[in-house]
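Scrolling down, you'll hit the structures one after another.
Here chain A shows up in two complexes: once beside chain B, once beside chain C.
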Partner chain A sequence: MIEEIYTIERQAMGNSPVHKIDARVKIIIAFSVIIAMVAYPYSVDVIIPGAIFFGFFAVLWSISKISFIGYLKRVFLILPFGIFIILFQIFFENRHYDTFTPIVDLPLNIHIYAESVEFASILLVKFIICISFIILLSSTTTMQDMLTGARRLGLPSEFALIIGLMIRYLFVFAEIFEKVINVFETRCFNAFDRRLPYNYRLKTLGYAIGTLFLRSYEQGERTYTSMLCRGYSKDSFLHVSRQRLKRGEFSFLAISLVFIILIPVISYFYL
Partner chain B sequence: MHIPDAFIPLPQAAVYWLIAIIFIALALKWARNELNEEKMPLIAVLAAGIFAIQAFNLPVGMGTSGHLVGGALAAIVLGSPYAAVFILTIVLIIQGVIFGDGGITTMGANVINMGVIGGFVGYYSFKGIKKAIGNCYVSAGIAAWLACLIPALACAVEMFIAGTFPLVPGIVAMGTYHALIGIIEGIITAGAIYLIHTTRPDLMSLEAGGAAA
Partner chain C sequence: MHLIETRELTHTYNKTIDALKGVNFIAGRKQRIAIIGANGAGKSTLFKHFNGILKPTSGEILIRGEPIKKSNIKEIRKLVGIVFQNSDDQVFSPTVEQDVAFGPTNLGLDEQTIEHRVNEALRLLDIEELRDRPPHHLSGGEKKRVAIAGVLAMEPQVLVLDEPTAGLDPRGVTDLTSFVNRLPEEYGMTVIFSTHHVDLVSEIADYIYVMDRGQIVAKGTVDEIFMQQDLLSGLRLDVPVLPKLIKTLQEKGIDIDMAYNYEDSEKAFLKAFGR
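Coming up: the complex of A and B.
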């Protein structure tokens, strides 16, 4: 995952109208869509707000001028745990339906139920929309802008300070991580190579993790010393200047929020 | 173990968020009271380090892989379960918001599982086992195994309460898988603590056999 950090940050440094929108607007919109999708009942109608929100996402993504392949790559990186749970749904009964109709009978008394397939599809729609908006948010907002936006939205300064420092170190670790992986490749070490003794593989990974841990601290010590030289202290307050949303940003946020609230409500009660 | 959005209904996710916020507030209080000036950046570095550590995929068997959680490691090295809560919260925020690994509405549940349960189980089992057997590395290994297994079981129970996965298959699947990953996490945590203890004992808490800085 960490090796993706450069790609994501490079995408986030774009110059499209979506990139230029204040981070607060993008954070509120992304989180609102996620909450709206999660709040929607586990019903097949979810496809309606799901399709409309995906259309909304697709418009913003195309304006951001980031390739669709880039979106697909990120989706496939995120999918595994969610897809595991979604795929296994089809074999189980759940509390959201009263009756279950087997559509496929498998050995060992395992069945695939029509209702469970429907439930798995509902989960998939919700899951895809949620991760799409997270991908949009992180691909069009640099980490520092996101942190500044979060700070302006009320994130406690202690968290902001630590996260700000952590973000800087993440790039250092991504580089160290790549170096460690390169060293593994140079030595033809593959943790999944069964020809190597298992203990040896674990020992090598253990040393690599320990080294990463130590390097992280030593990097922190050096950085901290240089911060002290620049007058930093524990009680330093990171100033975030007040910045009002532009009229266009405010209008876009207001219209988006009305849209995000109305679409699920209309879909559930009137369609 | 990172529960994505939509797998826990909103009212339940809100309850997990409330519980998580209590522990996050306690972790913040711990950070303000216990950490001196030098340890503030150390926490940030450790958070980034644990993020990087979670990027290492470990071979489990049958072509599957898993990653370390790191809660036990953080709690043992820094000598407090709140250190794990604090660090894992920050790691989960970055993973959820930037990488989409773990949800936004489910972040409360993820903080409870990996930070609170992982940190407390890792720290107190380490203390108890070390008192009983006296060996720091074996104790750390067993504690890390427990800190991997028990949050996974909690995750299975939460998914059952949410109605998105049945209880018994969930416990069997998550329990078996994380019992195996936990063995690797235990060995690697013990190895990492041995390495840190050997090269930089000043970084370790006194309870973990470290030297005063």
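Coming up: the complex of A and C.
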């Protein structure tokens, strides 16, 4: 599973115009869309900005030349986190409606309300648009660029340093994990091999996980020592060189922001 | 005044394991010093005392004649740069450029100076094209160069390399050897390194310390140490191939001068066989 990190990275290192845009532009656009969608009042009209933003996303996604199947796979991976909360809404009353009409009566005095179903649908639209833009951002920007972009946008230096370390060692541990898997395979161990005693399989996996914990602890100690050797202190920060946005990037950002602001405003007040 | 001096340095881990016992070590300006010894001899522990990562259990460590204190620790870490054996321990930033800039940034330098130092270090190690690459896309040799660049960007006077050839291919070893040899003359740096690769020692070092079980058991020039072949074998260290061969030939009655590196050996063989 962790080896998927390389696939995601390869995808993010693409060569399309969307990949080449400065990370700051993509971060601002993604977060602007998220804020616009989250701030949009709970009304069925949300489908209008939702559809337009999805169109905007679809255009950017197709320019990025990443397969649509890849997008769907990621949506389905993330969906369970939100869909659980969204589905539960249909059983409860909420503060956005005054009256509730039961459309299905279930035992134990549980009802499904028409208004709650409407509310859950609104949440679903908001959720899909938000995760689509996050998927677009993470699929077209490497983690390193995202961190650099966030730092240039003012992410506190303490966070940047820690996130930087996390990104670096995510890959180191992916390599270690791969080596552990290779060792298991070389010595014919399969955790799902029913011919092996259940306890033995569990114990072996336990040892492997324990070893990974120990190695991460030791790695942390060694890294900290080497950081101290290079003058690390509580005031240390990740160096990010200054870089101005190109004129094209600036124009694209400006036009996108106007679009992202105007669409919900027009939809709410005039449609 | 020596750049680094230890006096009767002793270090005990967890009050039980004596890692260093009464070590007396001196490093002067522009020297190239090798510390050789089997695994567990105490080489890495000694190195960690050079910039205050470890504190002596007893004895003294002086950097430019001054003991290491909290007040001068930053200055000392700028002066003595350590490159660790495993580059993954040292290269921890998301990109090569950010990693090389880590040390200079911690020194509180301004943006322009940081940029200059990063560019210089990358140029010196010939890795300018790796600038934007994440470390996990680098080979072992490239990572080692990045680790060295990260330390050189702090402009240390002493470069300490812990097993610098570990995991390098033959070309990587050759490149590293020629690079290390340039540092004392061109940049006035002192280089201290540990290695198991004894053939390399005569190519790089002018002075050798031999360690065994936390103690310095011998010290001297390359000739003085490699003449004591029984001592090296007794410490589970290889004797370099060329002096070993020449000694065998001498024992068989061939009149050939002793030599310790490739260049001198070539001359000795040509002279001995009349070419």
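The rule is short, and it goes like this: the second predicted complex is superposed on the first by the 211 of 271 C-alpha atoms of A that agree within 3 Å, B and C clash if a C-alpha of one lies under 4 Å from a C-alpha of the other, contacts with A are read in each partner's own complex, and residues count from 1 in each chain.
In this section, a contact is a pair of C-beta atoms (placed from the backbone, for glycine too) under 8 Å apart; a residue touches a chain by one contact, two chains touch by 3 or more.
In this text, all values refer to a predicted model and were calculated from it rather than measured experimentally.
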| item | value |
| --- | --- |
| Which of chain B and chain C A:175 touches, first, second, both or neither | second |
| Contacts of A:162 with chain B and chain C, given as first, second, both or neither | first |
| Which superposed partner A:117 touches (first chain B, second chain C, both, neither) | neither |
| Partner contacting more residues of chain A (chain B vs chain C) | B |
| Touched partner set for A:143, first chain B, second chain C, both or neither | both |
| Chain B versus chain C as contact partner of A:227, first or second or both or neither | both |
| A:240 touches, of chain B and chain C: first, second, both or neither? | second |
| Chain B versus chain C as contact partner of A:51, first or second or both or neither | neither |
| Touched partner set for A:219, first chain B, second chain C, both or neither | both |
| Overlap of the chain B and chain C footprints on chain A, listed as residue numbers | 143, 164-165, 167, 169, 172, 219, 223, 227, 233 |
| Contacting residues of chain A [partner chain C, same complex] | 142-144, 147-148, 164-165, 167-169, 171-172, 175, 219, 222-223, 225-233, 235-242 |
| Chain A partner contacts - residues on chain B that touch it in the complex | 1-7, 9-10, 13, 28, 31-32, 36-38, 40-49, 51-59, 65, 68, 73, 90, 93-101, 103-105, 159, 163-166, 169, 173, 184, 187-188, 190-192, 194-196, 199-200, 203 |
| Interfacial residue positions of chain A with respect to chain B in the complex | 1-5, 8, 31, 34-35, 37-39, 42, 74, 77-78, 81-82, 85, 88-89, 92-96, 123, 126-127, 130-131, 134-135, 137-138, 143, 146, 156, 158-159, 161-167, 169-170, 172-174, 176-177, 191-192, 201-203, 205-214, 216-217, 219-220, 223-224, 227, 233-234 |
| List of chain C residues in touch with chain A within their complex | 48, 51, 53, 74, 77-78, 81-82, 84, 86, 88-95, 97-98, 101-107, 111, 114-115, 134-136, 150-151, 154 |
